[in-house]
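Chain naming follows the written order as A, B, C and D, and within any one chain the residues start at number 1.
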Amino acid sequence: MSKGTVVLAYSGGLDTSCILVWLKEEGYDVITFLANIGQEEDFDAAKKKAESLGAKKVFIEDLRAEFVEEFIWPSVQASAIYEDRYLLGTSVARPCIARRQIQIARQEGAQYVSHGATGKGNDQIRFELTCYALYPEVKIIAPWRIPEFYNRFVGRKDLMEYAKKHGIPVPVTPKAPWSMDANLMHISYESGILENPKSHAPADLYLMTKSPEDAPNSPDVLEIEFKKGVPIKVTHIKEGKSKDTPLDIFSYLNEIGGRHGVGRIDIVENRFIGMKSRGIYETPGGTILYHAHLDIETFTLDREVRRIKQGLGVKFAEMLYNGFWYSPECEFVRHCIDKSQESVDGKVQLSVFKGQVYILGRESPKSLYNEELVRSLHSPLTPHQQ
Amino acid sequence: MSKGTVVLAYSGGLDTSCILVWLKEEGYDVITFLANIGQEEDFDAAKKKAESLGAKKVFIEDLRAEFVEEFIWPSVQASAIYEDRYLLGTSVARPCIARRQIQIARQEGAQYVSHGATGKGNDQIRFELTCYALYPEVKIIAPWRIPEFYNRFVGRKDLMEYAKKHGIPVPVTPKAPWSMDANLMHISYESGILENPKSHAPADLYLMTKSPEDAPNSPDVLEIEFKKGVPIKVTHIKEGKSKDTPLDIFSYLNEIGGRHGVGRIDIVENRFIGMKSRGIYETPGGTILYHAHLDIETFTLDREVRRIKQGLGVKFAEMLYNGFWYSPECEFVRHCIDKSQESVDGKVQLSVFKGQVYILGRESPKSLYNEELVRSLHSPLTPHQQ
Amino acid sequence: MSKGTVVLAYSGGLDTSCILVWLKEEGYDVITFLANIGQEEDFDAAKKKAESLGAKKVFIEDLRAEFVEEFIWPSVQASAIYEDRYLLGTSVARPCIARRQIQIARQEGAQYVSHGATGKGNDQIRFELTCYALYPEVKIIAPWRIPEFYNRFVGRKDLMEYAKKHGIPVPVTPKAPWSMDANLMHISYESGILENPKSHAPADLYLMTKSPEDAPNSPDVLEIEFKKGVPIKVTHIKEGKSKDTPLDIFSYLNEIGGRHGVGRIDIVENRFIGMKSRGIYETPGGTILYHAHLDIETFTLDREVRRIKQGLGVKFAEMLYNGFWYSPECEFVRHCIDKSQESVDGKVQLSVFKGQVYILGRESPKSLYNEELVRSLHSPLTPHQQ
Amino acid sequence: MSKGTVVLAYSGGLDTSCILVWLKEEGYDVITFLANIGQEEDFDAAKKKAESLGAKKVFIEDLRAEFVEEFIWPSVQASAIYEDRYLLGTSVARPCIARRQIQIARQEGAQYVSHGATGKGNDQIRFELTCYALYPEVKIIAPWRIPEFYNRFVGRKDLMEYAKKHGIPVPVTPKAPWSMDANLMHISYESGILENPKSHAPADLYLMTKSPEDAPNSPDVLEIEFKKGVPIKVTHIKEGKSKDTPLDIFSYLNEIGGRHGVGRIDIVENRFIGMKSRGIYETPGGTILYHAHLDIETFTLDREVRRIKQGLGVKFAEMLYNGFWYSPECEFVRHCIDKSQESVDGKVQLSVFKGQVYILGRESPKSLYNEELVRSLHSPLTPHQQ
């Protein structure tokens, strides 16, 4: 008799395939769930694989549009940036994925959810905080925290052997000497040869962005239009091309930013559990938006409102990083930030070139900028002052 | 009989030359003071000009070393940045200049100081706050706030006529269609054709940095060593060249940053008096240091200490922008920030290329980074997490 | 011909009576405005006096209900307290009064408003900031900042003489050796013999509260019910009496607090213009509400939401003190604080006795308090922990 | 053979006596440690009891003086108050006790420390954070988190039986229907019949303070002198009596405050682990000092420094509550707060009466109060303004 139904966050990779089989061995019915949040993935192959390994049901869900609108956009409004540098590409995807997993668990009457995150990282915390917030009675099976599991699989070799024994297809290409996490917003790289904070990252690491050295020798100039702090249209000035749905806008900014090598950072950050960790990120579209939003916001917001909002944005970034999207305080702060953006309307022109975003100009129907006043202050006689 | 002695902040330009003569007309003895804080200037010519216009004494003071050590370095420690973008190049020079002017006023027994700043900008406030803080009894003569003066000189033409009448040499080159302020840390450009926040800045505006488009096609790789949050050495990795005094370090970073077009921004900012103003800045060395310091700080500082320090840094930037360097609260905050930097020691390697600074790696004798712990968390099995 | 119409904030006292006449002398038509915000005043007498002195129109407006609902209630929600002690009784009345004065000015087509506040205090700033926010084109006549006026009236004697000359009735009772400001929320006392921060206040100073020494020897026990952070009912437990409109609730709390000597403080505070000032305040009802609200808020609010709200409340108190009620930032903060109070519902029981408020117990339909959980943690075995 | 040596925080009560014996049963050598931090206790009896139960060594340590100087004084400087009401009397004692326990463990070569705190309260966290901070290699034995222990002792009856079986003297007086924690700074009461947040506390609960109803009918007037934000002398104005060592000052303030029923609060607070808990506290001397310090601080500190310090104080209170006294961030914040207090010198006169503290006046050699300036602003003509 079944112990119950588990909805497993399934990636199609070796780890979660072994977990799928192991959960079945343990007596659970397993439903797999794989979210499409913009990562490169053969979703059909993953579906077939899960089915062949005995998943009772297989969900492959395209969450890209809601990821952009409901998660990335509020982060853009907040100018969310962790420790002054990291644009939170992995963090912001977690509540989006977990929310859908929980919806499936409820709809399928599953009492359990499971994930392949380790017992020491940020991810498990983010995932589980979301689950408990949205489905307080749910039980979480985290194999990498269960002794029976982690004592059995102490190295990759153990997983490989288990896979062979249970007919789980094993990867044919060798594993990269680092790990990565990819979605529409960014790719992150860490661990392996990147662990030594002193060693430089290999030049061929990056998948989303071209090297600035190989980027085109002339810029692309864009105009981004904002309404209430959120982009509603992007136009390529020369080509006249434009995009106006959230997913299209963000994808297009990724394309332009990627072509010019925008948004690469190499940082050491402080994890939730209090450890420092080195990570390399590429966030092309997100970086362009961060700069463009900052510009239109400063242009249209009252100074003091912006100052208070800035403090709330710092708090929001910490909550987001630590996995508290679905907490009373984060909902409160999102509400306040959204309120602050009521007048953040206008257009920013910018140039993207060789890894950098240059703001060129801005205009707004709601600007507090008073050109006439400025002119009177800058009479020909006026010496300079900032 | 003389009304007393005035120490006038003298630039050698048309405005302050007219003020010099006007002050004499008004019955004051005038001592001129011109600070060398790294701007391009013919100091000898300025000296002669002041003498020929009747200055009782002429002071030309090279403040570059103290500007770097006592003003720029604390700003680097603070990661001082105004409204998330402006590195405060003009603001940070003001207390340095005013301090020396006040020292001269005290030493020369002058009861007055004077400056050529307008009555509506940030500068007058910064200047005067410093004066009152350091010399509470001093009297300030601000001609651009005195009706007799500003009603007489309503346009540039009036100044030119006055100049001709009083033998003041007038500039032969036409005035640029914007105003600028230059020092070792940056050049700022504003007003004139830049006032319209929508219009793009002309390509030939910049004096301190090359256009990224024309910058070299290969990066320069530097190593910057920090002690207590302050750079003590910069080394060009390939060339082996290094610098180790504050002024040399900063000048060298300006050279490298300038060559690669680093540190250009085009922003609208909120002035102290509550108006928005468009400014364009280039801060090559300061931008490199901002990024390098951020990296070594995050690497070496406890997360929670950094978070508190970050809040203090935001306050410091506002105080600096608003001219409160010599205030009890700014002294308190500087003390706290300096204390926070006690363990910020180490080396950062970075690459400078086409307008951008890329952190490559870092090491520190005091790092809280625990590579062994990181490795144990990133076992081969470990999925990814930020 | 008239220079135009002025709406004068008129108190009926010597100062503003002289200003009324002086404004007429200067050629203005004068409309007087006197707000009833709960101070002891013979409003009829003031009306007749203004008319007899030539006011074109006389407005006496009872603003007590809107003062409580629209100004005091948001301050209660915010736990607004300046420098940890002052409940802002004068500050919170200012925007209420100025708003009505501006409404009258608009309705009567007056281009001017005038007030009797000095040129160095908080009040003029508060008043004028409100005027400009609500009626940007209005012109303000502040006689105590106009040399023609303040040079003519350098002492009280000058005012007295002017009064006699112009048939202005002069006060027959001698002036108290301090000044005071009274409204429904508090009375403040300052200046005169209170200026020396070391000297104790005279025992007979207080008008709103009995001395705790003379207060009843047994407490009054009240229950206050809150909805969204605002009191909706107060009940006297023993007497069964209850009040449920804002003005009645607040007046009743004043009565009970006043009887028991609640809410007296003697402080030195930092004024907006940067000077320290000694003030003595009595705020009976406001003090009871401050404590009751704090209790129900902590009981019903999520910890982290409360922490963020606490920071916003500190900012709100500063804005309120400095006169920025009608500013974009204060409106933003009020919105956020109001949002935070959505779940602040419940009843607090408290005892009022000899100058002190003692919270006795609380209950709420929305409490996050989980008695069962608490009990399980406090098993008979459990040692103690806070 | 012994498993090693444990230093046990021993109270002399039933719980920790059972733990002592249980630890011996488990094979450990047990050293008991009992700190005298001002609680009522028969220390001799406790010593004998521990010896009779087989403690290898017994430490009874009088920490009162260092508790006041090194822990309470910094909290006074910080105006440390948790959630606007709780003066942190239990929290501030924890690092003091744990520090000494760790010193003993190191000095006695013990690898283990143990405590009788439950697995769900604040105390265990505070205690253990201190231990790890000061002795990172130490191992902590927390019986109430060990299944073998807590499954054996599920009710008080089990402890009683165990006690009888092992010759542990059992308490003869019945247990109070609540639990309490006492030290020099305060007594707290919680759990049992106090758990219901609505029910009023019994009148005979309090041990440190008289009921305000029974307190004397005339006040005691004190003068407290501060130096760098710390009291250095207290004088009874009428009696002429004075105290000038930290322990004497604090004990005397407890005596006076206790006599007048000062410092009783009944609150619901948010615990570290996210639960709300009702607690009743009496903090007589601490409450007097809180008010006196606030007064002298506002009198002597620059407004903006105080505002920044206020924010740091809020953070400090949270750290203290959560057990982070010995953390990098708390050390940093204590340093900054101490720095802010450099000019907080002066004398405050206050009256203590019927549960309340009334500030009467203050003076300071370093005051920023400028009486002459104040007088000029309050000319006889001056209307009123706060």
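In the analysis below, a contact is a pair of C-beta atoms (placed from the backbone, for glycine too) under 8 Å apart; a residue touches a chain by one contact, two chains touch by 3 or more.
The UniProt protein names, listed by chain, are A, B, C, D = Argininosuccinate synthase.
The structure presented is a predicted model; accordingly, all values stated were derived computationally and were not measured.
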Co-neighbours of subunit C and subunit A - touch as defined: none
Mean-CA-position distance for subunit D and subunit B (Å): 49
Chain centre separation in whole Å, for subunit D relative to subunit C (CA means): 37
For subunit A paired with subunit D, centre-to-centre distance based on mean C-alpha positions, whole Å: 45
Touching two or more other chains - residues of subunit D: 307
Pairwise chain contacts, counting only pairs that touch as defined: A-B, A-C, B-D, C-D
Complex interface listing, subunit B residues touching subunit A: 11, 13, 15, 79, 83-86, 89-91, 116-118, 120-124, 144, 153, 155-156, 159, 175, 179-181, 188, 190-192, 195-201, 212-213, 217-219, 264-270, 274-279, 281, 294-295, 298-299, 303, 306-307, 310-311, 314, 318, 349, 353-356, 358-363, 367-371, 373-375, 377-386
Residues of subunit D touching subunit B in the complex: 302, 304-305, 307-309, 311-312, 315, 327-329, 332-333, 335-336, 339-340
